[in-house]
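Structures are listed in the sections that come next.
Across the two complexes that follow, subunit A remains constant while its partner is subunit B and subsequently subunit C.
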Partner chain A sequence: MDAVKPNRYSEEYLERLVASHDLAPMPKAAALAFKMMPDMVIHPKEAEEVAEIVRTATSWGLPVTPRGGASWGFGGAVPNKGGIMLDMTSMDRIIGLDTERGIVRVQPGVVWLRLDEWLRRRGYFVPYYPSSAPGATIGGWISTGGVGVGSYKYGAARDNVRSLQVVLPSGRILETAHMFDSRHPSDFDLTSLFVGSEGTLGIVTSIDMQVYPVPESFVPASYSFQNMDAVSNALNKISEAKLKPYHVAFVDDNTFRFLRAMGKHAPEVGGMVNIIFEGPKARVDEEIKFFDTLMASIGGKRESDEIANHEWSERSYELRTKKLGTGAVIGEALVPVAQTAIVARETVALVKKMKMNLAFNGYLIDRGTVAFLPFYLTDERRWIKAISSLSFVKKFLDISNKHGGRGVGLGLFMSSNIHTMRDRNTVKLLRYIKESIDPESRINGGKTVAMETRYGIKIPPALFRLGMNALALFKRFYPRDKYDRPVPGGFPGGEHR
Partner chain B sequence: MIKIPEERELYACLQCGYCRAVCPVYAETGWESDNPRGKLFALKQLANRGPMDIVLGRDVKPSEEYKQRLYHCTSCGACDEVCHVNIELAHLWEELKEWMLDQGYEPLEAHKAIRDKIEKTRNPYGEPVEKRDAWLTDKSVLSKNPEVMFFAGCTASYRVGFLGQAVAKILQAADVKFNILGSEEWCCGSPLLRTGQAGPVRKDLAPHNTKAIETSGVNAVITACAGCYNTIKNDYPKIVGAPTYKLYHLTEYLEKLIKEKRLVIKKDYKHKVTYHDPCHLGRHARVFDAPRNVLKAIPGMELVEMPYNRESAHCCGAGGGYKSAFNYSAENIAAKRVQEAEEVGAEMIVTSCPFCQVNLNAGAKKIGSKVKTLDIVQVLEQVI
Partner chain C sequence: MSNDWRSVNSAARIDLSRMCSIKIDPIRKLALVGPGVRLSSLVSESQKIGMMPEIESAACIDFTFSDWADETLRMMSTINSGIDGILRNVKVVAPSMTYQTGYDSFPANGGGYDLTKMYMSSGMSLGVPYEFAVPLRPISEMMVKRIYAFAKPADAAVAGVKIHRSGFPRVVKMRSAGFEQMLASGNISPSSSEVQLIVKLEGNQAIIDAAEKALDEIAGKNGGKLSEVQPDAPRFINPASIGSSVWVVGFFICDTKGLPAVISDITDKATDAKRAFQYCVGDLTPNTSLMIPIMQGPPSIPLLRSVGSYLVGNRIPLRGSPSWNPLLGDSRAVSRVEVLRQIKRVLDPKMILNPHTMEVF
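Up next, the complex of A and B:
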């Protein structure tokens, strides 16, 4: 590979091995279907270098998989046919801040938390970011569409990315928008096309994004409720309110129960709604007063500032309790706010049937939508159980779909789900776009709009559904999940509220 | 069957990569296998090896390459600090290094040489035992009935004697009766513990030093070296049980002396200074405030913080045997830290670890920076 220096290129087994995964705890047997280990790992530094690598990959007939922080769990950053792994974390420069327009230009490998720290030293901040901000990269998250912390007020990444520099599968480099018309393109909105494309249409090498002056006041507040129904009601009331806070998140009682089982202090409440306020102080004070009254009127108890600050500081640590089972698997769906209670109830009923232990949290992403994130505990060492438990994610998405919701994240492992998210004609158009831009399926091929194995065989969605349903049924016949973690007081495995 | 230490923790690892973003070695090399997440993922493949590995044609076993990656670590503990699931990573890396050596892998040449010297001369520099107290030219300052024992450490004893002399001068100024162990002071064992060679520490060094301190009859021990302090505070109790004496890092003791008005600061020090938290004193031993309080007591000094300080302080690159084995990279890491000091406009860096001092100065030299690093006692001896 002449395009890169030898110290940024490796074919060593160990290096390829550690690049063969993301957050999902996939069993080794998955490698029978997908060649998850790349043939080589490359650390590019500049767009021109990426372009050269892509052109070389074409001449060699190798697939290319870009990888950011690899902190999502759908296989979008995992090879399915080996080939070249482009480890984009090597492109980690913050290029500059345009204070006139409030736009920062970064390379895709910059970690969200680092960007925010850099900006704050200059009087700015980035108010929208993934909860995985300490590890996730800018390029990785925007490729998921980017809903997360702060989306309620500031929108998703999609709403804040002004322009992208992208290396196309042909090896050509393009800018998706011009600085002056990026908000109002009169032709196709190419920026939006690439944001959320899960790295299947090209390789993002630079991002211009909106940032904001650090607010005068920033206050987290926590309100506890009796149960998840009351939490769901609170989310409804907040989304209908005349005022709009910065961020609204919730946590169920089982999250706290798991934490207590680990010997940590956690409030004994039926659920918690965390509302974060930011802006001019007078405005924040007004919002706090308003939401204090609103929450009290529906049975919410304002918890201490200490609890609220702790809840906020833990926003990136929602899976601390993974240790209880040794493993945890996350589902993720966008659900109509009005349906939160029923989706929560049916999800709990599902895990009871599947004899698992689950907790959930989530947040509002706009006035009509909740990002609902259940996670279940598992023990990877009991691999038959662990594999059959993976079917929960599919069954949970069935519940959210039934109530008007949609799954989040396709990547490799959930790409069959596109048929439940989009109608037939839309799927056709999406595939057409992919094929037009990447006719040889060079960049992240066989993902997102199709699920393709290492042998080039496309897995029909019906087969995927059948397999997942069979695993879920199988799981129901197994004894209830229990875990071996020695915790003070013992873990009440087997029970689920 | 190979028993992997803390195997359960490998499964608990979420692979979130928070550790990746704070690892100084990874920031330098960029290779996933060098960062904590990568190391744990690779080891998990070993922990759950089985027939599927044969089907996939994977030769899953500990390897020389993996051993090298374990030593690509400065023992800074930054990964420990941010771990999503609270894995005690700093401790785990040490256990894994020892485990690899137990599998028959050789320590790195530089670390093996250190072990050989310590076993022969009780210090990592191979210097004669009888010259251990040569740094203190005037022995008349020592007390036969001391309040405290000053555990000088190998580096102050043999390489930077002026640090020991500064400590002696400060203690004298505060009218503190002190003594030293002299040739009865052996290496604390930190260089061996951090490089997976704990055997001699368990067998000889920790028991000997503990006995030497306890038979001296002192109630308090001070050490000016972050590595010695961390080792005696956190490792010795696991080896020899709870101590009968109170251990202070020098900065904690100085803070106490200043508070009790025994140590009087007489002169101004009109410089803009930033404090660098040594990993072994800060993250490992949780001493963050004492050195800052000592510096704040000096009139005229402007103390500014670097953006990454206290628990999130960036490593200087010297620890864990990394500098002795990978000096070029260690100095690059130090150079980045020096640049952070430059960015906040500091004229100098003050620290409280001789290794940090040496490496930060090497880093500054590498990038042509005028920012010098001083030990806190070098500043203090100028103002008393």
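Up next, the complex of A and C:
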């Protein structure tokens, strides 16, 4: 491949192996359906280089998979048919900050935490980011649509990304918004089409995003509750409040049990709500007073500043408890705030039936929506158990859907879910859009709007759902192992007090 | 498709103004509204249950949601983004299919492609909207407006940005003093050099008190003073109600760096032509501004041409773009239009809906 310098191109087994999985521990048996190992890994530096690679790949008939920090677990950053893996972490330049507009331009491989540190040295910060900020890249997160820390006040990635530079499957370079008026564009704006497209419509090579002045005051506060019902009630009350804090997160009691089982100190409470305040000090002080009163009125106990600061500092390490097992698989759903309690209860009941060990956490993403993240312990080395455990995610999303929610993230493994998320015509339109922009399905093809195996066979959603239901049934009769047994101080199946 | 804003030649016109149903779901904090609904109607309906739209209601309350889906009005700002960023979903009928741009209840992240902004920026060329999903929020305990007067636009622009960045206001707008008078009377008084910053604050009494103190200080340091005049609720210009004495040239989107020069240069041109010039700048955030040059009639075609060609010719140094010809000179737009055309071919293969929109190249 002439366009690529030798030191940025590799066919080494180890490098390809690393690129063959993401956060989710996939059993080896998945390789029967998907060729997750790329044929080569390329570390590009510039958009023109990416464009040349895409053109060459197209002429060779090779699929191209872009990859950032790979900190999601749905296979979006993993090949399904081998081919070229574009490791975008090599495009890691912070190009510049326009203080007049409050916009920073970065390459997609910049890691969130590094950007935040860079901005803070210049009096700015980025208030919206994934909880995986220490490892997640900007390009990766915005490709998921990006809701996370700070979305409650500052919105999702789509609200803050002003423009993208994208290499299209044709090899042409596209700018998604106008060169000047990218906040209120006076002409066609394709930014949000590419934000959240999970890298299936093109390769993002540069991002313009809104940043904000560092706030005068920043205070985390933690409130403990008796059980998850009380936590759910607190989330409801916060979403109805006339004041709006920066970020609102919650954790259940089993999360703390897992931590204690690891030998960590963790409070013995039925659940915790963490509210983060930021802004001018006078405003922050008033907001704290307001929410202290509100939480106390519904049985919340304000914990010490030490606990609150610790909880805030742990926001990026919710999967620390993976150490209890050799892996944990997460599912993620958006649920109406009003339905949080019932979704939590039914999820716990499901866990009991499936003989699993689970904890969950989440956060408010707007006044109507909770992002709900359960995770369970598993062992991917025991592939029958691991595969059957995967069905939990499907069953959990069924519960969410039943109560007006939906899953988050399609990638490869969850792409069948698109039929439960969008109506039939819209799914058809989304596929047309993919086909019209990428007729040969070279860029991350067979994902998001379809699920395609290494042999080019599209798996019908009904078949996928049938298979998952069968696995869930199987899991109910599969004997417990050490990962399914309650942790000390816990209950079978993660029962909540 | 059009309400009162666009003229059409040799084409069927779909009047959406009668599609004005409003359904409010207080549990989901969501309003589902027809394209003919005016924002003012949604505001009054949602207020009945103690809520209000997430959209900044101080602007364009006389516009309908289909106006917003038209090619320029969507630029009217809200807090974190334009109207298209606030909308959750638009249900659309296109010649080849009906579809939804996102989800009613949720941000469209991680669930297939988000089509909302693309649709809202397409000048309704990708289908006819029949329902918009608008998130609602509780009405704040207190909402107050604070007006600061400045002698120079440049000072007002600098102060406006600092005020916005203070973290207190929900919205900061900038207007010529005569703009408010024009809205009240329907006529323009002679040009006034006074500039006003209109700051909208929300919170409880203590927060408002602290904000007023902080903002008074910022305005004072930048040559502004608190105005005693508290105007009525700001309203956007509606040609139907203002009459023929006012001409709206259009929007010019630029950042605050270019804004004072634009205002100064157009004021000079209007003065030379013995016309009054008033303007409104929406949402004075650091990265962009919105400007509406207005001249008192009867129309002076040479003046309109002169202003128009000035803005087009100086769009690069002024860091902006004119709404009536936004793609002019932006070579980056070529690929964008091509992608949009590909999608247009899927939805409207015979190109019957607002076909002019994509005939720019």
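The rule is short, and it goes like this: the second predicted complex is superposed on the first by the 477 of 497 C-alpha atoms of A that agree within 3 Å, B and C clash if a C-alpha of one lies under 4 Å from a C-alpha of the other, contacts with A are read in each partner's own complex, and residues count from 1 in each chain.
The working rule: contacts are C-beta pairs under 8 Å (C-beta built on N, C-alpha and C of every residue); 3 or more make two chains touch, one makes a residue touch a chain.
Computed from a prediction, not measured in an experiment: that's the story for all the values here.
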Combined model on subunit A: subunit C and subunit B, fit or clash: fit
Which of subunit B and subunit C A:E175 touches, first, second, both or neither: second
Touched partner set for A:I365, first subunit B, second subunit C, both or neither: second
C-alpha centroid angle, subunit C to subunit B via subunit A, nearest 10°: 120
Winner by number of subunit A residues touched, once subunit B and subunit C are compared: C
Partner chain in contact with A:R283 - subunit B first, subunit C second, else both or neither: second
Contacts of A:G69 with subunit B and subunit C, given as first, second, both or neither: first
First (subunit B), second (subunit C), both or neither touched by A:S90: first
Which of subunit B and subunit C A:A31 touches, first, second, both or neither: first
First, second, both or neither for A:K322, with subunit B first and subunit C second: first
After fitting on chain A: smallest Cα gap, subunit B-subunit C, Å: 19
Common interface residues of subunit A - those touching subunit B in one complex and subunit C in the other: none
Interface residues, subunit A side, partner subunit B - complex: 8, 10, 12-15, 17-19, 21-23, 27-29, 31-32, 41, 43, 69-71, 87, 89-90, 111, 113-114, 117, 121, 132, 134-136, 316-317, 319-320, 322-323, 326-328, 379-381, 383
Residues on subunit B engaged by subunit A in the complex (per definition of touch): 8, 11-12, 14-18, 20-21, 30-33, 37-38, 41-42, 45, 48, 50, 52-53, 55-56, 63, 65-66, 69, 82, 84-86, 307
Residues on subunit A engaged by subunit C in the complex (per definition of touch): 98-103, 144-147, 151, 154-160, 162, 168, 172-193, 195-198, 201, 210, 212-213, 215-216, 239-244, 279-280, 282-283, 286-287, 290, 332, 334, 336, 338, 365-369, 404, 406-410, 418, 421-423, 425-430, 432-433, 436-437, 448-449
List of subunit C residues in touch with subunit A within their complex: 27-30, 72, 74-77, 80-82, 84-85, 97-100, 103, 105-118, 120-122, 135-141, 165-168, 203-204, 206-207, 210-211, 214, 251, 253-257, 285-288, 290, 315, 319-323, 326-327, 330, 332-333, 335-337, 339-340, 342-343, 345-347
